[in-house]
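By letter and in written order, the chains are A, B, C, D, E and F; residue numbering begins at 1 in each of them.
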Amino acid sequence: MRKLLKGVHQFQMNYFSSHREFFEQLSQGQHPRILFITCCDSRIDPNLITQTEPGELFIIRNVGNIVPPFGVHANAEAAAIEYAIDVLDIKEIVVCGHSHCGAISGLLKGNRLSDHLPSVHAWLRYAESTRRVVLENYQELKGEELLSAAIEEHVLIQIENLRTYPSVHAKLYGGQLNIHAWVYKIETGGIIVYSAERCNMRAEHESRFTEPRLDELETDDDSDNHHLDRNSVSAPLAVE
Amino acid sequence: MRKLLKGVHQFQMNYFSSHREFFEQLSQGQHPRILFITCCDSRIDPNLITQTEPGELFIIRNVGNIVPPFGVHANAEAAAIEYAIDVLDIKEIVVCGHSHCGAISGLLKGNRLSDHLPSVHAWLRYAESTRRVVLENYQELKGEELLSAAIEEHVLIQIENLRTYPSVHAKLYGGQLNIHAWVYKIETGGIIVYSAERCNMRAEHESRFTEPRLDELETDDDSDNHHLDRNSVSAPLAVE
Amino acid sequence: MRKLLKGVHQFQMNYFSSHREFFEQLSQGQHPRILFITCCDSRIDPNLITQTEPGELFIIRNVGNIVPPFGVHANAEAAAIEYAIDVLDIKEIVVCGHSHCGAISGLLKGNRLSDHLPSVHAWLRYAESTRRVVLENYQELKGEELLSAAIEEHVLIQIENLRTYPSVHAKLYGGQLNIHAWVYKIETGGIIVYSAERCNMRAEHESRFTEPRLDELETDDDSDNHHLDRNSVSAPLAVE
Amino acid sequence: MRKLLKGVHQFQMNYFSSHREFFEQLSQGQHPRILFITCCDSRIDPNLITQTEPGELFIIRNVGNIVPPFGVHANAEAAAIEYAIDVLDIKEIVVCGHSHCGAISGLLKGNRLSDHLPSVHAWLRYAESTRRVVLENYQELKGEELLSAAIEEHVLIQIENLRTYPSVHAKLYGGQLNIHAWVYKIETGGIIVYSAERCNMRAEHESRFTEPRLDELETDDDSDNHHLDRNSVSAPLAVE
Amino acid sequence: MRKLLKGVHQFQMNYFSSHREFFEQLSQGQHPRILFITCCDSRIDPNLITQTEPGELFIIRNVGNIVPPFGVHANAEAAAIEYAIDVLDIKEIVVCGHSHCGAISGLLKGNRLSDHLPSVHAWLRYAESTRRVVLENYQELKGEELLSAAIEEHVLIQIENLRTYPSVHAKLYGGQLNIHAWVYKIETGGIIVYSAERCNMRAEHESRFTEPRLDELETDDDSDNHHLDRNSVSAPLAVE
Amino acid sequence: MRKLLKGVHQFQMNYFSSHREFFEQLSQGQHPRILFITCCDSRIDPNLITQTEPGELFIIRNVGNIVPPFGVHANAEAAAIEYAIDVLDIKEIVVCGHSHCGAISGLLKGNRLSDHLPSVHAWLRYAESTRRVVLENYQELKGEELLSAAIEEHVLIQIENLRTYPSVHAKLYGGQLNIHAWVYKIETGGIIVYSAERCNMRAEHESRFTEPRLDELETDDDSDNHHLDRNSVSAPLAVE
């Protein structure tokens, strides 16, 4: 804790004192443009990796950046999503997963967690789709590879879960909201970006007037993404 | 989103490229020393105000930095707390509230939220103690003053709620865990620090062998804080 | 009841006695090909409108043909969906709404139901997305028209909710499951068919009538099909 | 699906076109006389076995025709029961089980379902009474015989569960509602009918004006009827 | 508290010291014969009104001696009932209501409680059947009379709710358990006794071997007993 | 039951008839001074061990005298606590555990209960803190000794859980409520008294202006108790 308090002191001496007015202004109210949902993992610093200032990102952090489907009584995520959209009028949502995620790796262990980590196990039930998808469709993968596949499928599933929230659905419907899925690769600093909006559109577009070329199909709509080799997946979209 | 992706690019070009090895190492695993629970509010950047690096803080962020008492089935906070203590072996927890908190201000509105913000309203039920405490004990306060009082009482109540979690209770009991309540003042960069753990020890210690000094007394136990004039409360401990 | 028992008697004398072997065989086990989810409404007879025999449709009927998003503890729909897919290996799901639906019309009344119909009101919370979508996007509609719009949006939303179920998601992913949304028009006997798997293309297609211009593409997104004139929507797909 | 769509076409060409007015009328509103609760099992067609027309039966179908006791938050059955009684003013309820029920047979497997069919297992918890009753009172039975016993006990228990719903209880009390338990035997087309109403009053009657004789007291217990040879049980009432 | 501690002291000096062996024996284990469920109301002392010793009554006390129907996750009553029957092998259950019950009187106020007594209001939802029964069937009553009617109906409903518990149902079924409903009249010391067991069997019996006469069918309904003049109701059984 | 009814008769003939006026008065309303929370265990008679009359103790009895932390929807304890404080204006709460508690002993068995006592197991989850505390901090103890330690820790934890209730917290805050933890030793008639309220006051008080006396220190704050040798713990306060 000493270190932490020292840090606070430094912040005050340096950063804060040189931004007094900015913070004074911030204290008047927040107007974030983006709802950023990510994992509790200590290795992720949303403001650092996006180079954003205080006031820009409204942030939810939970174990495994899980978005439980709408309907669970009184849960934290529902409150934050509702607040972001209906109170703060946010129009962009990013669900950001990350490589080497302990939650997803625990998820793949299934019921073996239930005895010694009952609360983690119960929480991970909301991510059961991720587990089922990889177990049934990635039999060929193991260890790190299986984990990477699960992590990517997981963020894609969470953006679908987001769509089950009334406020999200209503805004998406009106074209007033965009949802994005990211996977942050700690070791490379790379971010794979899946844009729900864009990819659906693509798929529709191409599926319509042209005989789609295989490589395009790859990114054609999120269910589609599932079929591809994960490396190429978001090559065109990845920011590396 | 363009701005955000630009930010990611900057991060990669500058910060990341100059810390490749550090991130390479981080990707091997996380060993955070502190569980940091704070609000979704965009104006709070935990790593900035504590001047910490990626890897140091395991972070939960929800609306109002609420710690629901233990027992609610499958909630995010229980999973994160259990993971932090039983998996990551974390020994310090900080619950960090902040000035001008929209959640607490919504809480003081009571049932008026239930119609247009049903999920926020349901979630805030877990903070009902905060509402009751200020309504019954701060009748003389209004507006900003009432809100400040509520924000401070709120963090003190959340650290009590933390004690209801089995893993937290067992470690506190064994003296292997410390819990701290902070209130971050956006406009001044100041942080009021309440240390539940230290004070219990202290209290015992001092109540036994020494005539405690007044400034120490201020923080001698969280119930204690409640009896003090809120302004002076944490003066001695506040880092301003 | 006398009438009902008479009916049973007729059934036995006529239909059953002329199909003894068929029923004998049925008693050996069921092998339905389709999971059919529809409303409790007495005016819907799934086997009649699809001209199917006993043994062909595995049927869930609840108020408003609602599919609560996955995650609610111990609910009937989750059990039936899991049973249909993981036990019966069903590969086609139809969610069938209908015109003049009392549940949807109740839904549009919002909280006014909570006092005298508390259980109906609580159940309809799972359909809140439908309410939000029409309230925010069909301000121009009233009465019957608004109801029709809500009924159609509702089935589209339920097929999205279906995707949140682990077994559904895993099979969709593997291309082993198709989901269809129907709206049955009692007065015309017509059925509007939305095919989630196929539709993302089809529906989109028809919804356009024009070679989309790039700038339109930007906002192209599956909610798009929602924007169309409801009559023309699925004309080509509608079976009338 | 082609077959299903063909069926719809047939329905429209034949049945519908020859009943246009009837359906036109139906579209004006529903006035069902009976709430019919049965299993999702594809082999059951309520309208067929009772030879009823669209508009006559308000139907709930779930796995195992289970009526969870009142009190579970926001469940489908509570909504449908409340709607049937308080909105549609229905005065007759039939809970219809059936032979060879996969749900009951799964129920008898107990916790062995929990791993691979978690949602089915959780749902069947509401039918635990059925499992306990047969396990403790039918030790002599095995296989098909045990299953048949369970299926019959199960419907009797569900009509008791119905009584726990406020609207049901209030109407039963006023003599404005009748509840019936049926077991449909797929192989014989037979239906065993249990009528809940008939029993209690008489007994109450007797317990009032006569000093019960000891020998009566001994065997006095409603479960008694359960001890009867199941075949004869409802012989007089069975419609075979 | 002084008074209470004085009381403890008296107990030790007098009662305990003169019953040392009895308590020594008790400490070896409990073998109660009866599960007694009553209200928290301070005016009820189960051991006093039944003149029983420590060790005889296993006691549940909650607001309004409510037995929530089976199925609510992790509730106190389910645990106590299961423990009483499956661990202690208890064979008699008494649900004891009482005159002037504040909980029932609150129940009759309905939703007016929800704002200032949210937890009481939520709990009383389990007693909604009582409210509905009296509101719909005792319109002629007011004040004290209405309350008395509600209190009596309430205990009868709770013994029905008891039947929804698997362990209760299984034992009732086997004739190994008896359930009794009592209403204790504080002012007269009288107790009205309803014995659930006695009624049903006979009726079942009759419904079997005789073709029920139409006129019986009409009035056939267990709620009938409720129509009797409440004073005479259990006259023969009442202990006054 | 005969015995019980005889007991009622005796009560009426003797105790009641000699206290007619007292009961007449009681029937006017209750004004208990204390909320007494204890176990269902038949060996505990709160009025006997405190030598109190009807009307003095508002009593909650559940398996293991557990106070689930605030937040669980519609639970009995929340209703009773709210009623006691907000309706009856009670200012003293006693949580009374007891030696040889079957619930705590079941708790120490952990998941082994889940199959044959599912409801008890689910309920005991709320006491998981007790299990964790003794398992991690009393490795040296076994059998009866371990059980005694668990029973004492358990009541201390329940008084912390009480603090999570809004009405409790608000009153404690204002110094208008005192909470006490007792352990009743069946075999000795002794009661160990932990006084949460007094000790907080004391601790503050003493930690400030006086050199506390050792015997007071023993109970100087509940976290404190945890560090003491359990035998000496409450010696000074125990009433034996």
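Methods note: a residue touches a chain if its C-beta (ideal position, glycine included) is under 8 Å from a C-beta of that chain, and two chains touch if they have at least 3 such contacts.
These figures come from a predicted structure and were not determined experimentally.
S.K.: Measuring between Cα centroids, what's the chain most distant from chain D?
M.R.: Between chain D and every other chain, the largest centroid distance is to B.
S.K.: Match interface A-B to one of D-E, E-F or B-F, accepting only the pair for which over half of the contact pairs are the same residue numbers.
M.R.: More than half of its contact pairs match A-B, so it is E-F.
S.K.: Quick check: more C-beta contact pairs at B-F or at C-D?
M.R.: Of B-F and C-D, more C-beta pairs in contact link C-D.
S.K.: Can you compute the centre-to-centre distance for chain C and chain F, using the mean CA position of each chain? Integer Å is fine.
M.R.: Chain C and chain F have C-alpha centres separated by 53 Å.
S.K.: So what's the Cα centroid distance for chain D and chain F, whole Å?
M.R.: 44
S.K.: In angstrom, rounded to a whole number, how far apart do the mean CA points of chain A and chain C lie?
M.R.: 30
S.K.: Mind pulling the chain C residues that touch 2 or more other chains?
M.R.: 72-73, 118, 125-126
S.K.: In the complex, go through chain F and note every residue touching chain E.
M.R.: 1, 4-5, 7-12, 15-17, 23-24, 26-27, 29-30, 32, 34, 40-45, 47-52, 54-63, 66, 72-84, 86-87, 92, 94, 99-100, 102-103, 116-120, 122-126, 178, 180, 186-187, 189-191, 193, 239-240
S.K.: Across the complex, what residues on chain E touch chain D?
M.R.: 68-72, 125-126, 128-129, 131-133, 135-137, 153, 157, 160-161, 163-167, 169-175, 178, 195-209, 211-212, 216-217, 219-226, 228, 232-233, 236-237
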